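Two complexes follow with chain A in common, the first pairing it with chain B and the second with chain C.
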Partner chain A sequence: HLATSLPLPSERHHLRPRIDLIVFMIDIKSKYSLKNVQTSLAHVDASFFLGKVCFLVTGVGRVNACSIETNAICKLGEAYCSPVLYCELELEGIRLATAQRLLRMLQICAGHIPGVSALSFVSLMRNADDD
Partner chain B sequence: MDETVAEYIRRTVLKIPRDEIKTMLEKWGFLSDTQLQTLNFHQIKDNISQEVVQLCEENSADIKQAAVLDIIYNHIYPNKRMWSVYQMKKSGEELEYFDITDFKKKFKGRLRSALKNVTITFKEYEDNAIWVRVAWGTPYKKPNQYKPSYVVYHSQTPYVFISASVLKSNLPLLCQALIVASNYHDIREMELRSHSLNSLKDIVFKRYSQNFQTYTPKPLQEWNVEPECEDIRIVQENRSEKERIHRLNQEAFGGGPQPKLEFAQYKLETMFKSDPKMDVLDKKEPFRCLVKFSSPHLLESLKSLAPAGMADAPLSPLLTCIPHKARNYFKIREKKGFFPESFVSP
Partner chain C sequence: DPQKTAFLLRKAWTLYSVTPLYRFRRGRLREYARLLSAFIAAEKQKGLAVEVGVELDIKVALSSLADLRGSEQDQAAVLVQLSSRSQASSRNSEDKLVWSGWFCSMFGDDLSENVPKDFTCLPLFLTHGAESYTSMVGTWFQKTFDCCFRRLAISPLNLSWMVAMWAGCKLDRAASAVELVFSVPRLSQPLDISYTIHPEDAKALWDTVQKTPGEISQEEVDVFMDCLYAHFHRHFKIYLSAAKLVKVSTAVASAHCDGVVKILHSQYMPGVLMLLTELAISQIQ
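Coming up: the complex of A and B.
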């Protein structure tokens, strides 16, 4: 399901399946994108932050066009205890690899991988230099 | 043939892309068909231009014919110059019959009575456009052929498109000559400038597709999801929002291609409004600020802002009014009923 911001429109509540993973996409070239994500985060129920939220930063290939500092994004990831992935959508190889990563995460969050839960997985994803 | 004329013709030919030289010389019509056939258009441009100059030498070209070639070049490549739009006003309502010979005579007469050293050349085109080229001199110097002004006048309209040369002091004289020649009594510069002459014409002649308010009781279902999202497994949650943005965009910009402008400039003469506790600018002077938007195609990029998610729809009327008001240079003053003070959302 693709949405431009949260909260989701209420008219489709009854049609929506269970949500297993929320991926917030931030375009590093647009400050508006970060602001949008920050406002949308306020509408997410706290239980999602136990491994069912992920930040995907796109557009990292164009170094000259960055409008958001990576520091700000790292802080966001830390504040919400969620992993941050970086990718460049314009390159097919990276696009494919990122999609496969997200799919793998989704499988874990949906409970399809026995022995690995969303929470245990996200603690594995934490950077070594945290705490 | 004068050396300066030879040099001018040579440089003009050098400006033309090699593949276009033959067509342009044919349009010029100064060299005969047999002469054109002797030219080798597959050599380097330097040599082509030398050969052209030699042929012109045979035909004893003078500056008048060279100026016509220059007009032809600028008619085909008008986007290399910056054009401003001027509007003329008539005193009465009488529709006088436009006589091209009369126009030319009056124009030349008015200019020459003020300045002896000018080169004036005219060329008419099928779309009722009259191109005038003026090369300016001083009482002591011959006209500078490399910095001419161009005027494009559509005789059935009150609009004139001028690409002034760097010598701006000649502009008032040029304007005067225009109103005298075309039987108007006043001329004013519109705040509309661009490199694309055709887009300027589209704006003032209202040739771009405007959207007229039509009452649709049911939203039209024509617009579908973009082709990449044909996959039924992908669900767009904000479809109604996207449709709303699309509808607002259509209302603001119309359905067709936008005229091509490169800038929009807003000069602010408003007071700075800050938090009173911050005590910034306590002098209460107008805050001098210039906001300039530039783009290779400004209106198309503005049109794509809301669908791309970079701005909220509807866009500020300061941006969407550009083609309707036929201006891209604005002065924003304090809200006294003139311009709205709302700014674009980031």
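Coming up: the complex of A and C.
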């Protein structure tokens, strides 16, 4: 399901299936996309931040078109205890690899992989910080 | 000395980053000028001539701009000038300047500190004139000093630093307006939005944002830009933050994302060059 911002319209709430993973897309060429994500985050229930949220930063191939400081994005990932993935959608190989990673994450979040749950993402991230 | 560097003002300079020059000797500038002149003549013989029709004799001059440097570790700037003397009018033997370029380092200690002996660090190269001459001069320098030139593009992030810094500069005489030009992506017809702000308003805004005079942080630049975006949105319902900032213009200097700058005020030239040197060094490293 694709949405340009949150919250999702309440009219269709009863028809919506369970949400297993929220991917917030930030275009590094657009400051507006970061602001949009920041306001949308406020509408997400706290339980999602236990591994069911991730940030996808696109457009990283073009360093010279950068409108957002990467430090700001790192801080966002840290503040919300969620992983940050970087990709360049214009390159087919990277687009495919990123899609596969997201699919894998979704499988884990939906509980399809026995023995691994969404909480693993959170604990993996915390260990990296402590080091 | 503002008199000597006045010729650098109000010209559109195309920016390049240059890796350190190997075995560049300041005492041999006249010899280098002769060699470069011969190289250009040879290139023209090969049919890579610039002008069609009139045969032009290109004279090359290399000089040192002793005052154009920042710290003690900086190398003084080196100026290259190409002039033509048309053979047709031998009576009027005035040389016409057709191309100029200069190498510069303004507080480029980050680079010069970590470089072995025998290397001269002049990371910023600015050119004004036909691209074909730039290409010939660049090729000769690359072959002679084993260095590498790359166009220096300026990202929207860096352009917003520039407009915040320069809009906040104190000017003794009436300043020209602060202008930001945005390009709107993904439209069938390209659309440019020009946002012009009265210079006193821009300076007043920056003065309320900046906490410590002489120091600028990313947060302060973000707040400054967010105020400008919010003001524009309030009036026109357009999110400029979703567009690409391509050019900024102030009374101090103007800069375009393709890597073209114009320095307009001699007092702030060192500051502008310091920022550009920093960009050039980060592109090299």
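One rule holds for everything that comes next: the second predicted complex is superposed on the first by the 124 of 131 C-alpha atoms of A that agree within 3 Å, B and C clash if a C-alpha of one lies under 4 Å from a C-alpha of the other, contacts with A are read in each partner's own complex, and residues count from 1 in each chain.
We take it that a residue touches a chain if its C-beta (ideal position, glycine included) is under 8 Å from a C-beta of that chain, and two chains touch if they have at least 3 such contacts.
Note that the structure is a prediction, hence the values are computed from the model and not measured.
K.L.:
Is the arrangement of chain B and chain C around the shared chain A a clash or a fit after superposition?
P.N.:
In the superposition, chain B runs into chain C.
K.L.:
Look at A:Ser30 in the shared chain and tell me whether it touches chain B only, chain C only, both, or neither; answer first, second, both or neither.
P.N.:
Both partners, chain B and chain C.
K.L.:
After the superposition on A, what does A:Ser5 contact: first (chain B), second (chain C), both or neither?
P.N.:
After superposition on chain A, A:Ser5 lies in contact with chain B alone.
K.L.:
Would you check which partner chain A:Ala65 touches, where first means chain B only, second means chain C only, and both and neither mean what they say?
P.N.:
Second partner only.
K.L.:
On the A-aligned overlay, A:Ser47 touches which partner chain: chain B = first, chain C = second, or both, or neither?
P.N.:
In the superposition, A:Ser47 touches no partner, neither chain B nor chain C.
K.L.:
Chain B: which of 38-46, 110-118 or 290-298 bumps into chain C?
P.N.:
The stretch that clashes with chain C is 290-298.
K.L.:
Going by the contact definition given at the top, which residues of chain A touch chain B in one complex and chain C in the other?
P.N.:
Shared contact residues on chain A: 30-33, 35.
K.L.:
Name, in rising order, each residue of chain A that touches chain C in their complex.
P.N.:
Within the complex, chain A contacts chain C at residues 29-33, 35, 63-69, 71-72.
K.L.:
For a test of understanding, state which residues of chain B touch chain A in their complex under the given definition.
P.N.:
Contact set of chain B toward chain A: 229, 234-238, 240-242, 309-311, 346.
K.L.:
Name, in rising order, each residue of chain A that touches chain B in their complex.
P.N.:
Interface residues on the chain A side: 1-5, 8-9, 11-12, 30-33, 35-36.
K.L.:
Of all residues in chain C, which touch chain A in the complex?
P.N.:
Counting only chain C, the residues touching chain A are 153-157, 160, 185, 218, 225, 229, 239, 241-245, 257.
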